[in-house]
Amino acid sequence: MIEIRNLHKHFGDLHVLKGIDLEVKKGEVLSVIGSSGSGKSTLLYCINSLEKIQQGTVKIDGIDVHAKSTDVNKLRQKLGMVFQQWNSFPHLTAMENVALAPRIVKGKSKAEALHIAETQLKHVGLGDKLKSYPSALSGGQQQRLAIARALAMEPEYMLFDEATSALDPEKVGEVLDTMRLLAEEGMTMICVTHEMGFARDVSDRVAYFHHGVMEEIGPPEQIFDNPVSAHTQKFLANVR
Amino acid sequence: DTLDNVVDRGELRCGVVLDFPPIGYRDASNNPAGFDVDYCKDLAKALEVEAKIIPVTWSERLPIIATGRADVVFGATSDSLARARTVGFSIPYAIYFAQGVVNTDVEINSFEDMRGKRVAAALGTVPEQEWLKIAKEWGEEDLYQSYQSENEVFLAVSQGKADIGITTNTAVKPITGQFKTLKEGPRMPWTADYTSIVGKRMDVTWLNYLNLFVTHQVRSGRYDELWGKYVGDNVPELRIPGVMY
Amino acid sequence: MFEYNFHWRPVLKSLPDLLQAGLLTLEVAVISMLIGITIGLCLALMRMKLNGPLKWFAVSWIEVARNTPVLFQLFFFGFGLGAAGINLPPYVIIVTGLSFNCAGYLAENFRGGFQAVPDTQMNAARCLGMNGWQTYTRIIIPQVFRIVYHPITNQMVWAVLMSSLGMMIGFRELSGETQFFASRTFRIFEYFAVTAVIYYVIVKLILGLSRLLSARLFRY
Amino acid sequence: MQETITFFSGFGISDFWFLADAALKTLWISVLSISVGTVLGVIFGWMLHEGKWLAALTIGSILDIFRSVPLIIQLVLFYNFAPMIGLNLDPFGSGVVILTIYTAALVSNVARGGIEAVPTPMRKASRTLGMSYWQDLFYIVLPIGGRAVFPAWIGVVLGVMKDSALVSVLGYVELLKASQILITRTQEPFLILALAGAFYFALSYPISRYAAKFEQRWAQ
Amino acid sequence: MIEIRNLHKHFGDLHVLKGIDLEVKKGEVLSVIGSSGSGKSTLLYCINSLEKIQQGTVKIDGIDVHAKSTDVNKLRQKLGMVFQQWNSFPHLTAMENVALAPRIVKGKSKAEALHIAETQLKHVGLGDKLKSYPSALSGGQQQRLAIARALAMEPEYMLFDEATSALDPEKVGEVLDTMRLLAEEGMTMICVTHEMGFARDVSDRVAYFHHGVMEEIGPPEQIFDNPVSAHTQKFLANVR
């Protein structure tokens, strides 16, 4: 379970997250929507400790992420993350991309790591690209590679930060399908997304962020069909 | 020939080694000075032309003649037969002995004491070649260091990079006077260094003229005067015992 | 007009010695490059990641190395340090001088290389649970290395060319040896002409080797 | 002894001017070689671009030699070679000739890169506006390509300025040779080398700063 | 008038134009459509002599473009051209971009050239960008700048080579509007384009190219509604 209590984050003078309270249960899929700059990415970065926080707590399965005593490298293995920018490692083949972390972080043998890599790449539909370098993959394939890479660490949670927004329209579908597959398999997920269709179909709950505040959260039907906040209404009117 | 060329040009291009005080050096205002520089000017005066001083390093002395960039070189050049295959020599105009300058922290009193010591000399000089013969016999070639100029040799010895530097007897006194960390060292066992003015090998008339110039410098007393001015009292006699020149 | 008579015989006689000295030249260049790469990497990281005296130290090293002549740097490590009572043998002077110089130039290449690797690579690796050391050695540096591979090759060529300054400080690498022989036989042109050819061949060998290596190393 | 003569003397204020004067000579020989060398280099670069393989085979490989042989060897060779063909050049003249060709060799590569940095469609666009080949070259390729390779050219400029120190082997009294002379006379290597270093730094550092400013201005 | 007779163009072994015959009258707007690689761009390049031809003739107002005696620089002033890639000159402001050719090619005074530039930039709707550098302009604005630059030479013909195909969808409109404006003003135009709507609305005739052959030419209604050639039918079915 991910528990966030009264989370505040500042970048210098900029108050980016203004007291977020949020719980994500095992198996739940949460979509986070909101306009640009509202703090959605920052929320994810605070969850896996890529950014320090100024106030509040973030707990993963009861462990305080930002406590000094916590081994973040260990904790991050529980949390897979996929970014907007495709950031596969360009100097490694698809298989090596996926196998690297299991080998050096989890200490698996080379053969075992490669086996995991192959399984995961097939899982996301890249079974025929095992030996390809990222430069030979399309944007959509690179994002699926990134998903496979995260899955290879056997995470319990997956964080997606607009995983499809840098893709050509025709590639968006293949990545969303992979994410949908994961959700069906019961993965706990937080998806920052601009794809309203995906948010409505796949998520258990949808959260709307506005200027660092979580203005509204609830089942997709409620958020999309009967939004309470005026900001949410305006935002949804614009994206449609 | 060169003689006509020089007179015609109105300028004598004269190579001088300026790393060799007091024979050739730069004075406090960084102008060329010394015994060789004055000799060069005397020669120009005799020819009634302007003297143009070209500073050269030891290793450049012969190429500068061979390639025709200078008319003469005054540079304490020993008249070896090997060199005479490349350039022409006048009769000797000065005689030197090889002598060491020693770092004050080092104990070298005789030539034999040089065994196992780090020896320095300037690249392309007779002392270098003579010493390398001995060093080879002693199996000490590794201890030899060669420098671009005599002055770097002194600097190296005074800084302790080398134990002894081989130079010329004329230089020892001014050098040891200047450096507190240098003292006079032993004479080297090889023969006296008869040095000649260098000119183009094929140009016999020019070499003849240079010979005449050397004898005139002695006859007129100019030789004694300049040697006294720059080096000291005991002026060596320009004569080789038992040989008729 | 053309009065000079070429004498090639002495040069050919000492050719084995010259080739031997060519190996020494290569040795000096390779050692200097290895040291230079190591220090250059450290300097680049110090300049980018640190503040205070260490950053200041890295910046001054880089700027002095890049803004003064190599020959000057060699003199400094020779007679300059000698004045302070530190006497280095010529071999050490040349290796120190070239390493100092290469480190300064390579540091800037490395800095450019690091800047060319997107920050997101760092985040991606950290998200997989890699620690700082693993991220640098497995993800960042391999990518930087590819970016700076070509500049490193060029610097290697420079190191070979610069090592010729050994002759100015009495070191008998290829140029020093050539000058030594030339000073004994007065056949300066002939000797240096042959040496120029040897340098040319060395440089071409390095470039060829580097091309072969890069084809094997970088398949992406 | 009739008069006392001092062969050695301490470092005086006049020596500072001696150094400063030598720094000017360094500047002078560099400015001369770099400006002529750049013009030649640009012409060669253009020929390499236009002449394709034929030019690469001829001037390309000749210029390549000047990049693959140590400058000091080039200087010694040319200084000794020139008189053989009846060219009576002093150290300054020989230095300028070699530095110029050396600069041209480096600049030719830079210039070709600059021409190739201008996208073909851009050049076609200027031709469709009715510009002639030369107008296109002068008004479009020169400014656009020139900016693209300006940093590389500045690199060459700084390199050649520092490499001009090597002309000291021919006996030309530029900054480094002057400091050697003073070291010989005053026996104060540390002080004088520091001064010479400062002079070099003062020549080179402002240029690289100034160039960086230009780049920034063009970047936006 | 542009008259093309039996035009053949080879790139090495590749036969790119296989005997084109075409006439474009003063004031006419011709759209050229066809799949990638069919030789459309090459046709334009042959018209203004950016490429040499191997056989046939191209005449502009009776002057043979490829004759040795023809001054192509002079001829090209009659022919404005806009390319697919935006290639405004990055080192000059919008105004200088437009003023350069009138000044150095036509020898106008600086003041005059700048005046022309200002007029033309206003004409294409860039009156507020006179002093901007191309890097500060959007793709659509850069293409309009390219049009203004061509117009400043007072050409009698304009050649457009897929002027909109490298633009974001929302920028396409502004460029097409500018082209439409030109057509209405009576400019003679040859437009290679993928915008079928534009081709249909604006052109007097449409030509379909296939593998270096002009398979069909005629009024838009005919080509779009009753294409004769099977290739044309297939092509149109695909792009719709």
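A, B, C, D and E are the chain letters, set down in written order, and residue numbers restart from 1 in every chain.
Throughout what follows, a residue touches a chain if its C-beta (ideal position, glycine included) is under 8 Å from a C-beta of that chain, and two chains touch if they have at least 3 such contacts.
By chain, UniProt protein names: A, E = Glutamine ABC transporter ATP-binding protein; C = ABC transporter permease; D = Amino acid ABC transporter.
Quick caveat: nothing in here was measured; it's all calculated off a predicted structure.
Q: Chains touching chain A and chain B alike, please list them.
A: C
Q: Just to be sure I understand: going only through chains that touch, what's the smallest number of steps from chain A to chain E?
A: The fewest steps needed to get from chain A to chain E is 3.
Q: Using mean Cα positions as chain centres, tell me which chain lies farthest from chain C.
A: E
Q: Where is the C-beta contact count highest, in terms of which two chains?
A: Ranked by C-beta contact count, first place goes to C-D.
Q: Taking each chain's centre as the mean of its CA atoms, which one is most distant from chain D?
A: Between chain D and the rest, the longest centre separation is with A.
Q: Indicate the whole-number Å distance between the mean C-alpha point of chain B and the mean C-alpha point of chain E.
A: Going by mean C-alpha positions, chain B sits 82 Å from chain E.
Q: With chain centres defined as C-alpha means, what is the inter-centre distance between chain B and chain D in Å?
A: That gives a centre separation of 36 Å.
Q: Give, as an integer number of Å, the spacing between the C-alpha centres of chain E and chain C.
A: Taking the average C-alpha coordinate of chain C and of chain E, the gap between them is 54 Å.
Q: Counting only Cα atoms for the centres, state how far chain A is from chain D in Å.
A: Centre-to-centre distance between chain A and chain D: 55 Å.
Q: On chain B, where are the residues touching two or more other chains?
A: Counting only residues that touch two or more other chains, chain B contributes 63, 67-68, 152, 155.
Q: Quick one: which residues in chain D touch 2 or more of the other chains?
A: 80, 83-84, 183, 189
Q: Where does chain C touch two or more other chains at once, residue-wise?
A: Residues 3-4, 79, 82-83, 168, 188 of chain C touch two or more partner chains.
Q: Go ahead and list every pair of chains that touch.
A: Contacting pairs: A-C, B-C, B-D, C-D, D-E.
Q: Which residues, counting only chain D, touch chain B once they are in their complex?
A: Residues 1-3, 5-9, 12, 14-15, 18, 80, 83-84, 88, 171, 181-185, 187, 189.
Q: In the complex of these two chains, what residues of chain C are touching chain A?
A: Residues 118, 120-121, 123-131, 134, 138-139, 142-143, 146, 218-220 of chain C touch chain A in their complex.
Q: Of all residues in chain A, which touch chain C in the complex?
A: Listed in rising order, the residues are 48, 50, 73-74, 76-77, 79-81, 83, 85, 87, 89-91, 93, 100-101, 104-106, 133-135, 146, 149-150, 153.
Q: Under the touch definition given earlier, write down the residues of chain B that touch chain D in their complex.
A: 19, 21-22, 25-30, 33, 54-57, 60, 63, 67-69, 149, 151-152, 155, 158, 174, 178-179, 228-230, 232-233
Q: Can you name the residues of chain B that touch chain C in the complex?
A: 58-59, 62-63, 66-68, 83, 86-87, 123-124, 129, 145-148, 152, 155-156, 159-161
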